[in-house]
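Below, each structure is written out as structure tokens.
What follows is a pair of complexes built around subunit A, which joins subunit B in one and subunit C in the other.
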Partner chain A sequence: MTDPVPAIELKNICKAYGALRVIDDVSLTIERGVFITLLGPSGCGKSTLLRSIVGLAEPDSGTILVDGKDITNAAAHNRPVKMVFQDYALFPHMTVAQNIGFGCEMQGMEKSAIARRSTELLELIRLPDIANRYPDALSGGQRQRVALARALAPDPAALLLDEPLGALDLKLRQDMQRELKAIQRRTGKTFVFVTHDQQEAMSMSDLVAVMNKGKIEQLDSPENIYANPATLFIADFVGATNLFEATVEAKDGDHLTLSVGDAHWRVPAARVTSHRKPDVGEAVSVVIRPEAFDIGASRRKGDIQLSGRLTDQTYLGDRVHLNVETADEKSLLVDARPPISIGEGAEIRLHCRADNLAIIAGR
Partner chain B sequence: MSGFNNKKGKGGRLAGDGSSLSNFLTEGRGFLLIMLLPALLVLGFVIGLPMLKALILSFDTINFRRPAAAGTFGWHNYEKLVFDAQVWNAVWRSALYMGGTVIGSIVLALSAALLTRRIVRFRALARLTFLIPWTVPAVVTALVWGVMYEGNFGVINRLLDPLPFLDRTDWLIDRDTALPALILAQVWNEFPVAYIFFLAGLHSIPDELYEAARIDRASAFNQFRYITLPQLSSVTAVIVVLLMIMGFKSFPIIFILTGGGPAGATETMTVLTYNTAFRKLDFSYAATLGILAVLISLAMVLVYLRVMKRAERGAGGAV
Partner chain C sequence: MISVAVGLPIAFAVARTSGVMRGLLIALILLPAFLPVVVSAISLRIFIGRIGLETGTAAIAFGHAVGSVPFVVIMVLTRLNTMGRNMADAARNLGADDVIILVRIVLPYLSPALLGAFMFCLLLSFEDFVRSFFLGGFEQTFPVLLFARLRFGFDPGLAAISTLVLIATTGFGLYAERFVRKRSLRSETSLTSGAKND
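Now for the complex of A and B:
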């Protein structure tokens, strides 16, 4: 059951540095116990938004509520949220236990209670034996977990994580993604995670807010963000994409007829994923993901049929990336399951279900 | 290069694969020695020879007031030194002077560094202001402070005049105030060295540590106590030893302002050595005092090297 008071509420947050609007009228409601990710490219305003919540950046306008209380003008140390920094920000001259207990000590907690809390959190992060080690004697993954434990120690209402996995190698990053999600489930805390890595966002989050140029373009589940991108930016930024420029030729009941080059595609109108629905004659973009294609001709009525020449293939173990060039010199990216017995330069036919694409108004 | 010289063809030796002496001279340590030889010769000439001369002199009896005793070699100067209360008083005063300058310089330099760390406007000007004393020669510093300390019209007495509980005093003539007055002048002259170290140290502390501490409710004082001070500990250790050496070796300010007086109240090791040589004209005993000063300095240099080694090991890690 969802608590009626959200963990965090942002209302019309704006922040500019000179003429540059870093956060542009952002409103966002984050329910309790949710793992939400702010996803976007560098400079989109996601870190600034996070720093505004924790009190390290001051928004020009707007309201920030945590647990229903207005904390917009509260100092960082008076906010019930904690942050895990990109470089962990562990104090190098303190042991792991001292690092974890620092926030509790500053709150005036008794030493015995701090020690108990440190032990409890070290068990939570599954590193009970490193209490007396210094940060420089820890691996990247261990430091990351200790930083997490330190932020959790004063029992915050929500935890904000600013690209904390950026410094880890791929294997460790994947392990930590699972670990982070597990810790979030165990503690039941609200996690607000910031990343530019879409795979990271998809694998961990209950909700993803995709940001671009200071605005949240879409707030949805990872599955919907991927399958039903609301904007061309999201379609392009999240996952690999094949984009087709098209025009709406006709609307007929619950179907649209699109003119794509010389072809005419009849697609379900429900596949319009942008907020604005296009009118007849309007330009649209059709998004087809690489894995939506099947190799070969299709006999199923209504499928979209394409053909081209295989120019390049890259073996990736579990799949093969194919580059196919169509007759009108459009380059398509196709994901297929190995083995593929087609040589480079060979003609290849592709098809895709009409309900396996997304239509976005505009180009 | 050495790899090339060691390669052997199938049928015989390559050029350069000669005798062991030529190998020694063209490879490894021998090559390094040849490269360093000019510098070693110059250093040996300007440092080694005078030191050797001083060592020999310390066993001799060169006293211009007793020329007849010249050529008497032995341990007599060292025996005299061990029981010479004036020497050990001078060592104690050197220690006091050193301690005073170290503490004063560190407090002043750290305060100045903390003050100018986050300045945005006029940053260069503010930093330059704190560096100016360093550019002033010690002799000029001594003369300026001498005028300031002057009993009748010195600016310090003028400034303190409004305070009812302080009488006018002749700072450099009073036995109780002479040494602290010299320490103050020395601190003014040398604190910029520590200031540069502290400023660099403060800039190397990541902002994220302070942000994390702020979020954890650490007050400004606690941030200083739990982050700034521990993070500066390696730098501070280096500065302390460096200032100790500078303080111990200090001469011009003391010599110009008091010459070791009043009644020996500011006679440090360096001033005592000078007075023994050029006022009492006892060069051999002065050389013995010089050897003692060198040994004390050497001990501090060894501590400095250890501290530096620890600082390098501890850089970025636990201190």
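Now for the complex of A and C:
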């Protein structure tokens, strides 16, 4: 699947607006044919990074290579990467076919070839009958797909998508996520997707790069991002999280003993997911996902035991969300399977396997 | 024509500024529209005298262009504001340079506003009496001619012509309005899917 020459290579990209560092020394290598998502809150620099690759923003320093060629100083209209914009930016005075053909036309393609290419792409997005319509006569989802086809038409080295599903409603968005993924598989193109929606990032990507304050904090598979967050920010931003403040009491062999409030947890040292490994006496954070908890006391040796009072439960059919308040007034989120036979306000015991958590140095 | 040609780049320039600067600029550009016509006509007369332009057709054209620019700027600016910033970026990303973006994307997008501005200015300068009177010299525009005739006594033909002109200009204005609205409708809402491109 991977090729010796990566589709996109970013080296030490920096960009600042005044004192604000929007992109802070970002380096990233994107192999060919990969669906990668830049995930982060708004203002983390992900869109600016994308615009730098297509030349619509100018980085202060750094090098951008596409297919091994340095395009850092190439004019925006000469770059081989194409972009799908958040508001689609279709040309309202051109038909769908003219919109899709625009990129090919700019490359000096022959008319008949352009027409063939347009038809081909309309087939790909499964809208073969709308060639002569104007963008304003299309629904949001259709416009979205036309924008995608327009960017794919000139056969780009990579396709960059800047929050393209942001304007769609939830149902349509989920359909489009599947559609996008399918189109990416069918064309084998490199997709660089930008979003602030972690669920979107998780469901579509081969790789996720989580960005925060202009830096990439972790580049990993969606599974690893969720299970092994490298920073506290990622643990908090991706998925629901229960955070415990703890201190490393002792290290023995491949286990750590943590003191959490009055309790002592013995956990595998391999569950330290941050890059920096904590020393004895250092403060750490323990991340336990809501679904890692099981209800009831555990007889298995080494499990982490907790108890508290059930304050609230939300029934969701296949799952129940529980809110549990512990003795030290900490509120826990628990994701359990129904049926739950415990009433609100009652005592509840929880346990969690000692390897079903993540430990991050620092607080 | 002249005012459209002058007003368009001004509108582009204004669209790029922002904040206080933008407010000041717009105020400055609109000023001629709010000035009493007599005042501007007299000052224009003095001005063309200074730069050595003779009264006549050229002077009238110049004067009318000056009077129409504010309307062009406003109409183009309004349309320009509805154009997403990304549209030009998208064209650039697809391989269009500045010239192609202007010719293929921006101008077609602005065309309803440009056409509207053009027709509006045409009406405006056709009707304008004061500026033409001051700047015309021996060259008479239609309203000036009417006025001159009026001074030699009442003439039923005059009333007839005036009525005809009234109807014609009103009709032209209404038609232009309808035409422009139809065009911008086509490029803004979702009513006319099958319309032929021009």
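Details
Please note the rule applied: the second predicted complex is superposed on the first by the 362 of 363 C-alpha atoms of A that agree within 3 Å, B and C clash if a C-alpha of one lies under 4 Å from a C-alpha of the other, contacts with A are read in each partner's own complex, and residues count from 1 in each chain.
The rule is short, and it goes like this: contacts are C-beta pairs under 8 Å (C-beta built on N, C-alpha and C of every residue); 3 or more make two chains touch, one makes a residue touch a chain.
In this text the structure is predicted, and so the values were computed from the model without any measurement.
Aligning the two structures on subunit A places subunit B and subunit C in clashing positions. When the two structures are aligned on the shared chain, A:Lys15 is found in touch with neither subunit B nor subunit C.
When the two structures are aligned on the shared chain, A:Lys82 is found in touch with subunit B and with subunit C. Of the two partner chains placed by superposition, A:Arg145 touches none, neither subunit B nor subunit C. By the document's definition of touching, neither partner reaches A:His351: not subunit B, not subunit C. In the superposition on chain A, A:Asn132 makes contact with subunit C only, not with subunit B. In the superposed model, A:His196 lies in contact with neither subunit B nor subunit C. When the two complexes are overlaid, the chain among subunit B and subunit C that reaches more residues of subunit A is C. Note: residues 54-56, 76-79, 82-83, 85-87, 89, 91-94, 102-103, 106-107, 134, 136-137, 150, 154 of subunit A belong to the subunit B contact set and to the subunit C contact set alike, using the contact criterion stated above.
Across the complex, subunit A meets subunit C through its residues 54-56, 75-79, 82-83, 85-87, 89-95, 98, 102-103, 106-107, 132-134, 136-138, 150-151, 154. Against subunit A, in their complex, subunit B makes its touches with residues 206, 208-209, 211-218, 222, 226-227, 230-231, 233, 316-319. Looking at the complex, you find that subunit C touches subunit A at residues 84, 86-87, 89-97, 100, 105, 108-109, 111, 186-190, 192-195, 197. Interface of subunit A with subunit B (complex): residues 54-56, 76-79, 82-83, 85-87, 89, 91-94, 102-103, 106-107, 134-137, 150, 154.
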